[in-house]
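In what follows, chain A forms one complex with chain B and a second complex with chain C.
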Partner chain A sequence: MSTWANLGLQDSASPLMEQLIFFHDHALLILVMITVLVGYLMFMLFFNNYVNRFLLHGQLIEMIWTILPAIILLFIAFPSLRLLYLLDEINEPSVTLKSIGHQWYWSYEYSDFNNIEFDSYMIPTNELSTDGFRLLDVDNRIVLPMNSQIRILVTAADVIHSWTIPALGVKVDGTPGRLNQTNFFMNRPGLFYGQCSEICGANHSFMPIVIESVPINYFIKWISNNLNS
Partner chain B sequence: MNSLRCAGCRLPGAAVAVIAGAAKSVGGAHRARSADLRLMRRFTHHDGTRVMSGKREVVGYGVNGSPNYIDCSDFPFPAIRYREVTPEICAMREKEQGDWKKLSLDEKKSLYRHSFCQTYAEFQYFMPEWKLAIGITLWAISFAMLISLVSNVAIYDDLPITYDDEHRQAQLRRIIQLQMNPITGLSSKWDYSQNKWK
Partner chain C sequence: MLDDAPEEPNKSFYIFGRDVAQIPCFRNSFLYGISGGIGVGVLAFLGTSRPHLATHIGFGSFFCGTIVYWMACRYQWSVRRFEQQQLREAMRRQAMYEGTKVERELDIKSA
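Our next item is the complex of A and B:
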């Protein structure tokens, strides 16, 4: 979850998100270096009193400042492509979760386990407890096992919604009439929050997503409790 | 034609190469000099410049053949003298042919001011526009602050109840108990073994 005055990315709960954070830091470092260099050059122009009236061309420096940016771009491109293919790797998920977006709540189905289904509505601010997170807490959280690959299928019932958890690096659009699939892996327990990320009407800001990541024995216990009730 | 330049004035510049040999002598070459001046006039590309320079002397090639006057440190010697020819300046030009030590300071200054509009110090000095720019910027900032103050007081609703101290403390306690952002974020600053901030 974002804490107060959080400027950067949330700490990751997934190895892929960790890699995304590393790539972000790497690319940002390169950009900062370029910006400082260009900013310095522009700033020093204020204090320059020399003019070369007969300047026509400088072949060597023009070659350098064409080749060097190409090399810098290679330093950005290779990690980027590596990460792109890493995100698409095939693995074998152990749990499948279906998430359907409605106006204006999410409903979830665990079809692996005798069809557990429930809706997840945001808790309104006036019903929130003292330590509740405004616009983020929901009545029924998605309980999922940690340290397991999880497949999620996202769709929508009416208009386009988007299911996202920033701490896991997951964002999947839910389009009516279409199933979009992605995988993720949580490597620590806790609560992970997200909010609908595709404009879907008046209460688009008021349909959050909460994942409760638990050890697998607690997950099995939760499943059997839900099956019995 | 004679009124266009004094006898002692020289004509530098590439276009003058055409009139080689004719410029030095005075009396008999008067007609030749007129012809040469007409020839030189034909070499300029904009006849309007000749009209604008009026009675002022052309002393250079100018911008691609069009004589101009501009005070610029990149191109120091303009192609047109700044002021028109007068008998006083003709006399001083005669004196200028001799030893410069014999010229007084005032004569040097008037010779300069005849040929040029401003000195280097005058045209390189920065204009005081920055004062107006800073003034307008500060005015705009204060106007924006006024609008935001009025909006906050008169237009916007109160903040939700979750912004008060009791709620925020409770939320902070819950954030720490849930170990949110435990790597570099908020929970990483809490010492769990001693139950206080690091």
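Our next item is the complex of A and C:
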């Protein structure tokens, strides 16, 4: 989850997010090196003694600073496109979760299992326990099995919301009258936090999302407890 | 006896909250790039006695060395990682299918 003054990406909980982090590191190194190069060139201007009032063209240098950036961009583009298509691969999900955004809470439906439904409200700060996370904890978490493909269908009941979990690399807009689908895969147990990512009114910042990733036997037990209650 | 083994020195290096030493190939890229740049720059100065030119050559060596080493290292790391994942999956399947009909069929195919 995010802590204060967190600038970077969260630790990944999904193989796709792991790949996104690798690509981010690769692209950022190239960008840092380009910035260092430009900084060096600008610094060297202080020591320049050349003056040429009649400079018209320089074919060779023009060729160099056209072709070299094109080559550098290829080294960014190929991993980027590979990852883009990897994110769109079709898998066979074992569980489907429906998420409906409301002003200002999320409701979830597990239609695979005799229609388990519940609402998920943020726990207000004055009701938060001492070990709770302010503005992130919710009353009912989404419980999902780890090491399983999960399909999520996101929509909204009133205005546009966006269902996000940074640790899984998932962000899906929930638009009224539309179903958006994405898949994800959690490779470790734990609690993964997210917040609504599309401005939706006064309490847009106060409708978080919490996924509790559990081993599949715990998930089955949770499902049967919910069916019985 | 295992407790007597000397601990490896902590190589963490934080930039904006991220331990960049943990990024694969990052540390080696910059170590080789910076040392290569300094080395080539010094040699260029010894050869030409022109400090500005030597600085440009040194910086160019640092830039090219870092980027080239990074690309090669990341590619090799990515290939190795993929092979490790294939191996891990194969070991998992072997444990799952051990003693079953699927394993016998696979043994016949590979024989």
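Here, the second predicted complex is superposed on the first by the 228 of 229 C-alpha atoms of A that agree within 3 Å, B and C clash if a C-alpha of one lies under 4 Å from a C-alpha of the other, contacts with A are read in each partner's own complex, and residues count from 1 in each chain.
Here is the rule we use: contacts are C-beta pairs under 8 Å (C-beta built on N, C-alpha and C of every residue); 3 or more make two chains touch, one makes a residue touch a chain.
A quick note: this is a predicted structure, and the numbers were derived from the prediction, not measured.
With chain A as the common reference, the superposed partners chain B and chain C fit together side by side.
Contact with chain B, but none with chain C, is seen for A:F133 once the two complexes are overlaid on the shared chain.
Of the two partner chains placed around the shared chain by superposition, chain C is the only one that A:Y40 touches, whereas chain B remains out of contact. By the touch criterion defined above, A:I61 reaches neither chain B nor chain C. With the two structures brought together on chain A, the opening angle seen from the C-alpha centre of chain A toward chain B and chain C is 70°, to the nearest 10. Touch criterion met: A:V51 reaches chain B, while chain C stays clear of it. Within the superposed three-chain model, A:L74 lies out of touch with both chain B and chain C [touch as defined at top].
In the superposition on chain A, contact of A:N6 is made with both chain B and chain C.
Our summary of the superposed model lists a minimum C-alpha distance of 7 Å between chain B and chain C. When the two complexes are laid over each other on chain A, chain A has residues 6 in contact with both chain B and chain C. Taken together, the chain A residues at the contact with chain B in this complex read 1, 3, 6, 10-12, 51, 53, 125, 128, 130-134, 188, 190-191.
Considering their complex, residues 5-8, 22, 25-26, 29-30, 33, 36-37, 40, 44, 47, 75 of chain A touch chain C.
The touching residues of chain B, when paired with chain A in their complex, are 73-75, 160-162, 166-167, 170-171, 173-175, 178-186, 188. Residues of chain C touching chain A in their complex: 16-18, 23, 26, 29, 52, 55-56, 59, 63, 66-67, 70-71, 74, 78.
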